[in-house]
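Just below is one structure, and these are the notes that go with it.
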Amino acid sequence: METGLTREKIVGMYRKMLEIRSFEERVFELYAQNLVPGTIHLYGGEEAVAVGVCSNLRKDDYITSTHRGHGHCIAKGAEPKRVMAEILGKQTGYCKGKGGSMHIADFSVGMLGATAVVGAGIPIAMGAGLSIKLRGTDQVVACFFGDGASNQGTFHEAINMAAVWKLPVIFVCENNLYAMGTRQSIVVLIGNIADRAVAYGIPGIAVDGNDVLAVHEATREAVERARKGEGPTLIECKTYRHKGHSRIDPAKYRPKEEVEEWLRKDPIRRFKEKLLQKNVLMEAEIQQVKKEILTEIEEAVKFATESPYPAPEGALEDVYT
Amino acid sequence: MRKITYKEALREALREEMRRDPTVFLLGEDIGKYWGGAFKVTKGLAEEFGDERVRDTPISESAIIGAAVGAAITGMRPVAEIMFGDLTALAMDQIANQAAKIHYMFGGQVKVPLVIRTPFGAGVNIAAHHSQSLEAWFMHVPGLYVAAPSTPYDAKGLLKTAIRGNNPVFFCEHKLLYPIEGEVPEEEYAIPFGVADVKRDGSDVTVVATLYMVHKALDAAEELEAEGVSVEVVDPRTLTPLDKQAITDSVKKTGRLVVVSEDCKTAGVSAEIAAIVAEEAIDYLDAPIKRVAEPDTPVPFSPPLEQYVIPNEKTIIKAVKEIV
Amino acid sequence: MVTRVVMPRLSLTMKEGTVGVWYKKEGDNVEKGEPLVEVFSEKATYDLEAPASGVLRKILVQEGVDASVNAGLAIITAPDESFSEAEISVEMPQAVEKAEKRILASPAAKRLAREHGIDLALVKGSGPDGRIVEEDVRRFIEETRGILPKVKEIIPLSGFRKTSAERVSASFRTVPHSTVVMEVDASNAMALHDKLQASYTAILVKAVAKTLAEYSIINSTLEGNQIKIFEDVNVGVAVATENGLVVPVIHNADKKSLGEIDAAIEELTQKARQGKLAREDLTGGTFTITNLGMYGVEFFTPIINPPEAAILGVGRIVEKPVVVDGKIETKPITMLSLSYDHRIVDGAPAGEFLRKVKGKVEKSFEIEG
């Protein structure tokens, strides 16, 4: 494969995507068993974005995330078992049960947290970029947000600021075509969100968000520019969520043909086919990877379900340091 | 002791903290070389610390606070200036949902050491979008500290504590306080949060006042003294945390309470303080609690209209006389 | 001119009165000052005079009916004068005076008064609207030092004691109590006690329960305008505990043997002293027995345990000289006192009831089973 990536790296990316998929499928099942309080927003179908972006990042680089954030966490290196425990509201979760599915953070791997206010993470990512610039390190920030968030004022304010200050931020728009149930064409006149980059004087690129290598390549270039102090990039990844907006959403607003088309473009299947075709991986190895991942996810589920709930009075802690 | 203005005291705090700690930086609209802040608080700082650390921003309040949040959770100590308190509404999500909640929501993993400075207050004829007193909005957000200094001494000492602390601090200033002079020592000091200051001792009635109203209360106390009424003026200095002890101690001594605050009366600062005293010290009250606050209207423009709504010595004296 | 005849206030505390005989009927001419109607309060009877001359046009309150003070009783008008319905229904503006006037005092004044056991009704207020302020109480304390008794300690009335106080005062205030007393020869009861090791209280419970079953008017309660007589005979026994008095109930005592009653009393007493009485142990009583004999009390007038109709007080057993067949003998005598709700029964039936109880105690062996 002409990617310039090592086999180990490529297998690792495949593995990560599979890990996210399996994780989300188990969350879906646990939800059906009433083991998940509240609601969930699953990442299934969009794995190529998180993995394609994060495979370019170092541990000390940062990401910010959204309400649909499980995949970002795992892609950046958070432990699935502690993500799962947080989703289940357990004391052993990353946020001791105070955040839940929509507010997971793991500062030890540079995951600066998921915010559930659409678009609110964009200025925060920009601020992390400002911090990097002021501290004079060569870290970068990848800021994940959806097509819906690109219509918030924060998108404009933060990208403009990042642009004018040449901050090392990669703005990653995960365009899954729908803001909750609202189709993009109803609320945006232009076809590519990436075109908006022109208005801020920064590079903007729209890529096939279901092609992990394409996402990886676009991000690689953006990260390189950022580390060199050349400022931010807006990358729009065209992708699709396999499930509805949240667990309760049957997503009836999406045409059947559209869903089927995107399922055919499933990023994991495409990547697998490519890997088999190019003899990077053998079927037997893939089965082995799958087996390992299923074991790992089962361990995560076991860890999370067996973990204790937080003591109720813990609700009063952590308001201030 | 030397005397400096409130504005100079704030600037000294910023300068000293920036010299002491390289992670402290300032950002805001027109705070840099060309303007030095709408009220000149940051004047001269860009010259000393450079444009990077005294950063002029686009007019993007939400992104200003968002930038401060992002920087704060990655090792910096930003001090953001919002030109007028009214404009915090534009950044409310970043203040109330992000800055205030990140430490809690993420289970205490990260601290958010940032300061948001902004002037409140009416009295300079700039009408409804530049004159409000919105302290109570921020008192209602768990996770934020709310400072409200009334003197140059308090302003400097509290701002230093705010910058050095590890929690987001909403730092309320007041337009009419900037030129006020007061004694500020040359030597280093900081004022802890949650410690009220008795600005004047008295025995007949406690007047709890905040920000510019502290001065109105002191003027009123002076006049009342001549009429034989001894007024104790308590300045909470920080509204969150609020020094309940000092307030109830004073009420236990005097048996009477008037709360003076420039914000609107309904669900305002005065409401909270009155409620605390009713809850924790009612057995010491010898008269109903009185509140002197702005009526529930926007701040009007025309001078006679504006003066009508702002509490002053006369309205304070009237309230005191109703209960002594 | 339309003149309303109203219910007069015959005493300071009177809130309502009853209309007696109307001396005139509708359509009669009346002269101002002549007796018009008889009214009476709980304290007095009074001939109300016509307040104006004219024709008694309408009687608003008929004989035997209650009316509150100032309520309209009749309308007097000039002959053929018309009057509106409104004039009939409108009450006089001066309302009935509130029985208890609220004392206006600041919280601080109230606290100080509480701490010193001072009745605020005695303190004059100097604040706005006469509100008593802390200083007034302080002055009162100064002025009355040495006159009013000095308070040693204040025990707040709370929890059990408070509930008990409320119940006792409610009973004493609303139920007209009367007490009948009889001496009872306890010889047989003592013998039975020795024979069966049953307590005197158990013997009394048994005697009372049997009597209640036979003479059920006492096994009742007053609810509004009706007396409700109970089928079940549930006898409560007052037990003194550290926390105060409790009255566990022996349900269907009339159907239990003396041994069963004795065991039940023993068990309930234990539970009461350990604070382990269940709700059902404390509810459903229809009559109460309270025995103060062990404290050396000869006789006393117990307060009825509401909503019951009567309570039996038991005094100590003491050897007394009595005349038997013209000779003085000593016998163990106990005094039984029955306090009863005078609204339900009068003295005669109460006496009759007590006589029956006495009979059963004196022939204790008959109630052994």
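Note that the chains are named A, B and C in the order they appear, and that numbering of residues resets to 1 at the start of each chain.
Basically, a residue touches a chain if its C-beta (ideal position, glycine included) is under 8 Å from a C-beta of that chain, and two chains touch if they have at least 3 such contacts.
These numbers come from a predicted model, not from an experiment.
In terms of which chains touch, the assembly is arranged as an unbranched chain of neighbours.
Centrality by Cα centroid goes to chain B. In this assembly, A is the chain whose CA centroid lies farthest from the centroid of chain C. Chain B and chain C have Cα centroids separated by 63 Å.
If each chain is reduced to the centroid of its CA atoms, chain A and chain C end up 78 Å from each other.
Rounded to whole angstrom units, the spacing between the C-alpha centres of chain A and chain B is 40.
Across the assembly, chain C contributes no residue that touches 2 or more other chains.
The touching residues of chain B, when paired with chain A in their complex, are 23, 25, 52-53, 57-58, 60, 62-63, 65-76, 78, 93-94, 97-98, 102-111, 142-143, 145, 166-167.
For chain B in complex with chain C, the residues that touch the partner chain are 255, 282-287.
Put simply, chain A touches chain B in their complex at residues 62, 64, 93-99, 103, 105-107, 112-113, 115, 117, 120, 122-135, 141, 153-154, 157-158, 160-161, 164, 317-321.
Only residues 106-111, 127-128, 131, 133-135 of chain C touch chain B when the two sit together in their complex.
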